[in-house]
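Labels A, B, C and D are assigned to the chains in the order they are written; within every chain, residues are numbered from 1.
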């Protein structure tokens, strides 16, 4: 079975979870109250852990692929790594790829925003991941199944935590409700991409490794309806959605994020830290 | 005459003017009103022009130095450049040096802030540069004299423009006065460094190339007093001052600035743009 | 004079290529059309500062940083001329800005695409400014005097920008494989949006007839688009790159390049607010305006104080 | 009981190493001293998140990013235990935070230095946490029960952090010349501020006597500082680095390292607000607190609505 598509799909998840962790950890030390500073940091740590597992798996897929397959994957491998003369590692993938090689969904690269933005983004993404990981548990791919099993508990907590916050802010003060609605206006157009499979994703679906993400749309909408009702929020009517992240076309925010995150590895390539 | 100190002094001015330009240009497209968007952008462009002249001069000092001198300068030269096998150029100095190799005064690396912060910082720095460039005109070093001559008119405009804005905000509304006072509380401690010569600066003074920057303190204070009086601002009492920039010890803001500014050159070293 | 006489007088002047000036009588519709068109153009300059401004802090050399900043600054200048030209028609700059921020006034949809790599700076100069010039050069002879004079200044600078953009791409196209890939990718992303800048096909275009008659407009959308395609199809060869259109082909009989079908669905989608950056751009403009409010108020308050003081001293 | 009897009773318990608990009688001065000390310690944990937090987004590997985030999070946890311990003495967390923000309460001056390179993360773990542990281990046996129990948890985690910090420096010290230079530079910058963390020399130290008697404090500043110097002077050899003190030398007779004169002027300067980052740190804390106000209010409002609704349903 060709592994290029599985490799890309794994990267897509790895990139998305990395950026969730990266953005959430911008709150560390700056949270609205100590307990929530700790909570959002916990979630950031969970995402980072997931992304490490996924990058490690992606790296091993590449390292173990036949040379013909590697040629196809090379478009997504940092050019600089080739000069290192060693196996591909998780950090090469996270810190040396260029922007167009990142496959995360756009949702995950958006700037941190205020607390309303963060909890709503977390709610949308964890409601999606919850379904995904629950299915991944049963994947024919053992590694993805193991990662799903490890992660589903974490995401279930993230979803509960963020649902509660969405309700709290929606049904809190006038200001918190307004801020949540503003966040919704900013984020909503980035949710559609979650359910539209990229070309490589369709192939992984056909291979029976994962389910078609379109199947997650219905239960996701149901969850959104339920929580929004309690949060006194209107579910936006179907509208135009942003896309491109899964194919490496990103928002203008992405370049800044990478410049900061990758700076040390770019300045001192292949050093040990 | 040894050129290492002159090289470092030139870098110090080059770095400081570059960062003034870099920070000011963050306003481009975001100014409070179109005419002032254009004005602050003009000032940014003037600073960039000055920094290019200074970097070019610094690079030529290095390229033409005897090997023994080069060894002393190497601490401030980007390591990566050595592998390029060509003469040192202005962009190597701006885009490939590490943070501790930058010698700009701390004042110039502070985040953009609001309009009050920007105009006050510009006022403090151009009031200093005005004196400096006026003397540089007569420097025994022909290159510095030429740069001084070219720049003094520009800075004279910057000083007039920023003085007018300081007065306007100080004697404007209650809010603008408060903001200007907040800016003053943030910036004042970074003004002392302008007048304290670094070790290499002292040597350039001894060589008779430049005047002792301590001599600029008195006229600078006089200018500040004059403008502050019209701006209804109190001149802060003498207090503790920050320092370190001229020796390569920077604030926490510096790393972020460089990560962004240098990203492309770090990612694609020695490419032509 | 009766309205009919005034109208005839007006049209005679237009036909004789005499410029209409602010104090001259003009039909209400002419005035409205001009206000809409000039302010839309001014807004485009101002919003257009954002996608390019996005790369100022990251420009890869000091020289390129200077060039880019100066270019964005020129756009501010164009905005200024154009707002002034529109003001001669009896609308204030603040009113126009308010219309931009409320979404009532439009600006060129091209600026609702993101600038993702450095090569986008070159591609914008070459393709976007290139298309803009095609549209704008005829406006230097437009019937309304202040507009025509503003456009003469704008066009001079724009064609300089276009050459700079092309030169910048030329350098990249002679660079590393990564730089070449960057250029091709930028062309791929900017090509179709650029040729959409000429607006809908003539058959679907509203307002064209009156604008032609009043010499606000002098060539149709499709005419200008064809000129642009012909020009770029040649220039792209110098870059050793390709345009992302398999149907692009020289047509000997027509003496023009044929080209593929435009995705009008995307065009209308972006026009109606659904481009990748519509919200981001307007939010950025509104933010700058709101955060500048206290500065404008302070400047006004100070100016008033000065006037008052001078009066008191005089008294 | 008379106050004298109560005081004797209290001191007997302290002397017998029986922990004082929140409901026990205690001298007013003891309570005040504890509130000041514990809240100052809690504030130090919270402010201490900032210099390390500064490198989270830029950590050079995923593993190091995790470790760093987890460490900063632990500091938040320590802040939480300590605020809780202080609250048992009759002050609220909000009151303490208000004292921090107004400048009335202090925090450890060490956090007023900037973190300039990645090696600072290791140096803070090794030197700053190392000095903190020296100070804190004796506090695990401090006379006030809640404080003592909080410190047991804190110390366990802190010593883990210290080992991690050292390990991180060890990796860098085996790395490239640039990494080694980074380590030496970090040690040069953090060494003196670290040994100042033990406070003034015993002769100049106020409050020490009463604190000793009440067993809030168990060793003098100079005793602890000497222990720290002895420990670090050995450990630095493993890094193949040096401490920036030409007078540092093993003294066979004393069985301790001698070390150079501390720059107390710098110490008092930083304590009194003039460190490189005093304003920056407090501004950052105030900003987080102010920007979080609407979140805290919303949470409170929602909780009240819930209670009300439950009551209405019950009725």
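The definition used in the following text is that contacts are C-beta pairs under 8 Å (C-beta built on N, C-alpha and C of every residue); 3 or more make two chains touch, one makes a residue touch a chain.
Predicted model only: the values in this text are computed from it and were never measured.
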> By label order, what chains touch chain A and chain B together?
Replying inline: C, D
> Which chain pair shares more contacting C-beta pairs: B-D, or A-D?
Replying inline: A-D
> With chain centres set to the mean of the C-alpha atoms, which chain is at the far end from chain A?
Replying inline: B
> So how far apart, in whole Å, are chain A and chain C when each is placed at the average of its C-alpha atoms?
Replying inline: 37
> Which integer distance in Å separates the CA centroid of chain C from that of chain D?
Replying inline: 58
>> Could you pull out the residues of chain A that touch at least 2 other chains?
In response: 98, 255, 259-260, 263
>> By the touch rule stated above, which residues of chain C touch at least two different other chains?
In response: 58, 178
>> Once you draw an edge for every pair of touching chains, what topology comes out, line, ring, star, complete or other?
In response: other
>> Can you work out from the touch definition every pair of chains that touches here?
In response: A-B, A-C, A-D, B-C, B-D
>> Applying the document's contact rule, which stretches of chain A touch chain C when the two form their complex?
In response: 79, 98-100, 185-186, 189, 239-240, 242, 244, 249-252, 254-255, 259
> Can you name the residues of chain C that touch chain B in the complex?
Replying inline: 46, 49-50, 53, 56-66, 69-70, 72-73, 76-77, 79-80, 83, 118, 168, 171-172, 174-176, 178-179, 284, 287-288, 291-299, 301-302, 305
> Taking the complex as given, what residues does chain B use to touch chain A?
Replying inline: 98, 255-256, 258-260, 263, 266-267
>> So in the complex, the part of chain B that touches chain C is made up of which residues?
In response: 18, 21-22, 25-26, 28-38, 41-42, 44-45, 48-49, 51-52, 55, 90-91, 94-95, 114-115, 167-169, 171-173, 175-176, 179, 260-261, 263-265, 268, 271-273
> Along chain C, where are the residues that touch chain A in the complex?
Replying inline: 51, 54, 58, 114-117, 178, 185, 189, 269, 274, 276-277, 279-280
